[in-house]
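A, B, C and D are the chain letters, set down in written order, and residue numbers restart from 1 in every chain.
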Amino acid sequence: MLTLLGACLLALLGLSALGVTGRAPRVVFLGCAAAAAGFGLAAAIALTGDGMAATALPVGPPWAPSLVALDPLSAWFLLILAVVAVPALLFAAASPAPPPAEGAAFPLFLAGMAAVLVAADGFTLLLGFELMSLASWALIAARHPTGVGRRTARLYLAFAAFSGLCLIAGFALLAPAGLGFAAIRAAPPEGWRAAMVLILVLLGAGSKAGLAPFHIWLPLAHPAAATPVSALMSGAMVKVALYVMIRLLLDLPGPAQPAWWGLPLIGLGAATALIGALRANLERDIKAILACSTLENMGLIVVGLGLALVFRGSDLRPLASLALAAVLLHALNHAGFKTLLFLCAGAVASLAGSRDPDRLGGLIHRMPWVAGCAMLGAFSAAALPPLSGFASEWLLLQSLIQGWRVAEMSIQLIAAGTLAVVGMAVGLAAAAMVRLLGLVFLGRPRTPRAAGAPDAVGMMRVALLLPAALSLLLAVLAAPMLSLTGGAIRQLLGANALAPVAGFDLVLGDAGARYAPWAVALLLALAVGLTWLAVRRRSSLAPTREPAWDGGFMPPPPHLPFGDPLSQVSAMGLGQPIRRSLGRVALAIRERHYPAMPGDPATATLRVDTEDRGFTQMLYPLARLRRRLSRRAEALRGRTLRINLSLAFGTLVFLLALVAWLERG
Amino acid sequence: MSLAAALVLLPLLAAVLLALLPDRASRLNIVASGATLLLAILLVLTEPGGDGLLRADALNMPLVLIAAIVGFGTAIFSEQDVAYEMFDRRRARFYHAGFQGFMAAHFLALLSDNLGVMWVAIEAGTLACVLMVALHRTPAAIEAAWKFFILCGVGIALALFGIIVLALAAQPLLGHGEQLSFLALRAVAARADPGLLNLAFIFLLVGFGTKAGLVPLHSWLPDAHAEGPTPIAAVLSGLLLNGAMLGILRGKAIVGTNPAVISPGSFLIVLGFITLLLAAFSLWRRRDAKRLFGWSSIEHMGIVAVAFGIGGVPGHMAGLLHLWGHSLVKSAAFFAIGRAARMKGGQGIESIAGLTTTHPALGWGLALAMAALAGLPPFSLFASEVLLAMETGRERPWLLPLLILGLLVAGTALLHAMQRLCFGLPTPEPIPARSGLATLLPLWVNLLLAAILALAMPEPLARMLLEAARLLA
Amino acid sequence: MVVFGGLITQLLHLALILAGAPLLTGVVRWLKARLMGRRGAHPLQPWRDILKLLRKRPILADGASIVSRAAPYLAFGATLLAAALIPSFAQGMLLAGIADLLLIAGLLALARVALALNGHDAGTPFGGMGAAREMTFAVFAEPALLVCVMVFAVLAGSSNLDTIGAVFREGALGLRVSLLFAALALVAVALAENARVPVDNPATHLELTMVHEAMLLEASGRHLAVWEMQAALKLTLWFALLAAIFLPFGTASAGSGPLLWSLGLLFWLVKMGLLALMLAMFESAIAKMRVFRVPDFLGGALLLALLAAALIFVSTGLA
Amino acid sequence: MGIGELPYDVAHVLGGAMLLVSFVLLYQRRVASLVNALALQGALLAMAAVWQGYVQGAPQLYVTGLIALVAKGVLIPIFLRRMMRKLAPGHHTEPASNIGLSMIGGALLVALAILVVLPVTTGAKALAREDLAVALSIILLGLLMMLMRRSALAQIAGLMTMENGLVLAAIGVAGMPLVIELSTAGLVLVAAVIAGLFARVMHERFDSLDTDMLDPHRGEGR
């Protein structure tokens, strides 16, 4: 096991060295894919058989060797990493050669994430975490020498430094005895120390996972990178942050933590889910839409995590395991369909030449494979039965509904409110996915480039089909997959905790609710098929093609081959109802309407500027404060030599006086 | 003659030689530094100890090694850099002689067991640096050098007074001659008069603190770094500050043994945090690349002061490790930025950009060095900061937020500048040239060493680190 | 016997709702016409329309893709499955085990998404507009539905519809004000889901005001027939849902032979008629509201549901 | 020994005289007399050293006294005077702030020095205590002078006074190794030379010795 992991990690380092030279990028990416598959293999072994106990490495900080281990929790997330990485890397190998810096940073990115997952002491974990941040930043910066992308990279790096430092502080308070996980478990923190740990971990890992209000970098940074990187960031990196959260909040502090620990997570998670789903309906860049949907899903997952903490704190182990199962399963499902969606978006961007929905449309005719995969992914993301997204969100909603079993009325009310918010987020996600599909793949092409786009072929198509097949598998076999997490659940909730699984169904032990994905899929297929047969038996006429009725509009003039572009709803137009009704929850919106003057041939226009409240209410004020303080500090510099001398003199005199005074007292 | 003595005399000899025969001076300089490095390695491999005047112990041996490494790298770098200076014969001769002279003084300062000798050595080194800072004779250089001279002159004088007070405190307990010996003082300080010890530590703190660039005694540091030749900036940051910190550390080690004194650590913590925070916020306003690194030196000295102030074995370990890493990385950063400034024909931040695209090796080296200074892995500054945070969390948790704030503001400022210098669209180069091995070699070697310190420190060094921390705690 | 009975009842239930759905639509329309003082079309008119549409040749818009052909069947299949899970005259049918309210909500969402995609497919302005509005309404309808489910789960201990119906039929919990709130919320959701007044007007074809019809503008022939059938089925489904939860009395259990079944059927027909009458009266009494007031309307429903939940917590906390 | 005994009184007088000279330095406006005062202080220091050597029976203190006399009393003053002639003929140093204020400040500093030193040196000999207090006062006064005066020459003079104070303190402590004294004195000389060098460069660059003229030339601007 150790040899396998070590071989993969070393291989990654070697590949990054090869990547520096910029030669043979395909080799680099395929090699990374192999290494990622190796991780997946190790994870599978650890999940089915037994993992790896904490082992000391020859390298490490001066005061103690680094420890690595592979327990069920790590293995589960390592599996997620592999699930995302393999298709993404195949896609990368199928794409044109990137700049050398990217070829060098990509393996390091993978290695960093893997290091976080297998680390068994704080230093190694922090090392991997920072490596992950740094490499992913390099991946963004390498693509954007100038312009907005550069500012994005800067913002991302600043947030990365912030989360790293917060995690360091969190460990500092968590581990008075030593950084080894075993030592921390032996002496769990209590009282205000524990509370500080909670806050710092929420700041550190939370900002990495995109929790509000530290989500603002995510919708900018994830789309800025190359498509495979975006897939890895959205599918795997946020999960690594989630893993850190679980490790530091659920595992290391021990089971003795109070129930209220979950409440901040629930609140932040719900807010994040709402904001993310809302923004997903308003973005005008397909990859940004997907990044916002990542926010939504992370929000849901964190809500589940909070519920698990609440239930565990109030001694409702079965419910805690239910919520935890929802968390773990949704993490995996989201990895599957988000990778699929990002790769589809990348295929569209590279083949149809744009990421702006207003320059796409009607792609289903030209790229049926991509469209099919995208629909599958979108349906999963919209949590439609019987696809994978629904199974895990069913678990999550059930655990929210079960929130009333906690004796605290306040928690019951919070659960109800959260349920409402989560439901809203789920609805918004569905709306966003419909908007995405409708704008990109359905309707009429909006540009000639979109009308002439080729379909994905070769390895790119394989890279799309892989996660698609996986999502389908996860949809039907949700229960068996979930039973693999039994080890992790026992590890976190005690020996008698069980995954809410019975055979091929997901069940709630006492509440008697049950979801059988296979049955639903079967019945649905049956219903659709029978309906189709019946209808076709009664009416067998082949359909004919005519110009669209279009509510009576005249057919477009010949110089508009794809019809009148103005008579097809735009991205903003589709977002308008939601923007009007909910937009201001998450965004500061400025709408300006320029009406067409009588006799003026110009068309009337509506100009909408939106900015996330995270910027306007948090980041900008902080930046102003920082500027003011640095101006203060700078004022000290512009002094003459004699002032500086007198500063030294004053310090001396002050200290002398202080000593004299202290010796009196 | 002991290795330690040889280590002091060899650079001295080299200085004399360089003063006498200036042609091919830079080669001779490199050779001498290389020989010094060999001696230093030998010294580290041998057992600690030595005669009365010079004593090699776990505390100063690693510092000697680092100093020799940085000195060797600087010699290699200046071989290329001085060529641009257009020095006349006299100044070139003076430059090289002064460099070796400074090295000799620094080794003496590190190795001497006698505080008085240490003081003399530091003063001599300072004077050498002052002259080399003034080497350019530009108004800015004169201003910087004069400030350097006056402030450090005052500071060093105060430090001497502190030493005298120490001697006075030890007078009733120690025989003549050895009342300035570090070991002897440490042995008897517990019985000395705490009042005098307090007084002594105040003066030592203010005196050496001025040289170490602790706020509010720091104002000479950035200008001195920016106006002198780049190699001098490298040794200033890499070596001189270590010497000063060692002085403070010795004082603390002596005074701290007496239970009745006002704990010296608290003074260090307060000054350290003031330094850290002020430098962190000032870093955001820098327009001059070399001053940026000067301020970052101030910030790191603040971190070191905090680490030593918090104390305990881990705290001192963190502080020492931070000193080592800072010397290596900061000198590397100065090599890179000096070379870049040469090629771009100016050391203003706005005049340097896009290094990674035009000179990948140099650009990525600088980027990594700055990332390391910002406390990112895999460099030893990251390790020491983690260790410091751990110790703070254990001993004084309420200081954590301040520490995190300082590190965050400083780190983001450095990363911000890093992206401006190394990425973006390249600025035009009046003097198009290749980076050259003379820069890349020391740059990457130092970075590699810093990474090794963080992840795979050789066992003897690790043992010395622990030993030194025990000695101090 | 139980399994056999479950199977039989399930099949009978399917046949019943399939046959009854268009009829129910017809009845509602007829009642509405009567209340408005018109004679109104024969209640069987929807059936006649559907059969006639099936005979016509479907016409596809130029921009239309496979979606236009597949979406109707998908939507109908999903709705049919959802309807099959909701007990009509008998409880404990074959699929009672998976008759989870969340699953029903999910299936309805699936049908909704298929409908919206159909609206997008031809690339016409009204289709897109209708789709956007439909999804927006769902954003407000879904949370209300979920919170109602929570209320039922608190009372019945489970989110399984069959269990809920059984518990409520026992009537152990009597008449609760919280249930009243939940009922109101659910009714509002049902109105929105079925595109009834005041959210939408099933009768109009004035493009600017409509939501549901706008997505079907391009459908014709058998596709339109399936869409019509799906709409009718959805209405029946919601009526059955309301009946199963709030009027559970008289429902037979699957094991109890044909006699009780027919009794249950009788009860069910009465309930349906009652609900149809109420709907007709309501629709003929009030007018349609502006599109951007709908979120407020559904937000009110959400608030009612939350209030119901709060009241439940209070009462269970006191009890 | 204590008050009323010869060794103590003499040391007392010498130390007091040096302190007085420091005040003179602080007060003095004209550079020429500034240098003279410095020379006087050096001479007094030498005498104090010799006296201490005699009292402590420590012969190396005679050497110290000799060095002090040669360096502080003769060489440096001559050097400064030559420089003054070259650079600032008849140049007056104007204090940055008025004399009275610096006088009061000086008095306060002396008080502080005594307050700090006397209570902590109860263990030491009275002579050492006295010496230490005086030395500290002289150092602080020198520092005060450096930041009160703008002229480079005055600042050098201040630095020299501080050195005088240091040596005074050092001779108070019995058994300071000679090597330290020697190297210290040597360094002081070097420092003075360097300072002179700077003063010359400054003069030829800015045609003034006013250190405030340097300020606008700081790199990186304001």
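Just so it is clear, contacts are C-beta pairs under 8 Å (C-beta built on N, C-alpha and C of every residue); 3 or more make two chains touch, one makes a residue touch a chain.
All values reported here derive from a predicted model rather than from experimental measurement.
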**Prompt:** Among the chains in this structure, which pair is joined by the largest number of C-beta pairs in contact?
**Reply:** A-C
**Request:** Can you check how far apart subunit A and subunit B are, centre to centre, with Cα atoms defining each centre and the answer in Å?
**Result:** 43
**For subunit C paired with subunit D, centre-to-centre distance based on mean C-alpha positions, whole Å** = 100
**Asked** If you average the Cα atoms of subunit A and of subunit D to get two centres, how far apart are those centres in Å?
**Response** 69
**Mean-CA-position distance for subunit C and subunit A (Å)** = 35
**Asked** What parts of subunit D, by residue number, touch at least two of the other chains?
**Response** 116, 119-120, 143, 146, 211, 214-215
**Request:** Identify all positions of subunit B at which a residue touches two or more other chains, and write them in rising order.
**Result:** 146-147, 150, 154, 158, 195, 198-199
**Asked** Each pair of chains that touch: what are they?
**Response** A-B, A-C, A-D, B-D
**Message:** Quick check on the complex: what are the subunit D residues that touch subunit A?
**Reply:** 96, 109, 112, 115-116, 119-120, 140, 143-144, 146-148, 150, 211-212, 214-215, 222
**Request:** Sort out for me which residues of subunit D touch subunit B in the complex.
**Result:** 116-117, 119-124, 128, 132, 135-136, 139, 143, 146, 152, 155, 159, 162-163, 165-166, 169-170, 172-177, 179-180, 183-184, 187, 190-191, 194-195, 198, 201-202, 205-206, 211, 214-215, 217-221
**subunit A partner contacts - residues on subunit B that touch it in the complex** = 146-147, 150-151, 154-155, 158, 195, 198-199, 202-203, 205-206, 210, 216-217, 219-220, 262, 267, 278, 281-282, 284-285, 314, 317, 321, 354, 356-357, 371, 374-378, 382-383, 385-387, 389-390, 392-394, 397, 400-401, 403-404, 407-409, 411-412, 415-416, 419, 423-425, 453-457, 461-462, 465
**Complete:** subunit C residues touching subunit A in their complex are 54-67, 69, 73-74, 76-78, 80-81, 84, 95, 97-98, 100, 102-103, 106-107, 109-110, 112-113, 116-117, 119-126, 128-129, 131-133, 135-136, 138-147, 149-150, 153-154, 157-160, 163, 207, 217-218, 221-222, 225-226, 291-292, 295, 302, 305-306, 309-310, 312-314, 316-317
**Fill in**
In their shared complex, subunit D is touched by residues of subunit B numbered 114, 116-117, 119-120, 123-124, 127, 130-131, 134, 137, 139-140, 142-147, 149-150, 153-154, 157-158, 160-161, 164-165, 167-168, 171-172, 175-177, 179-180, 193, 195-196, 198-199, 223, 226-227, 286-288, 291
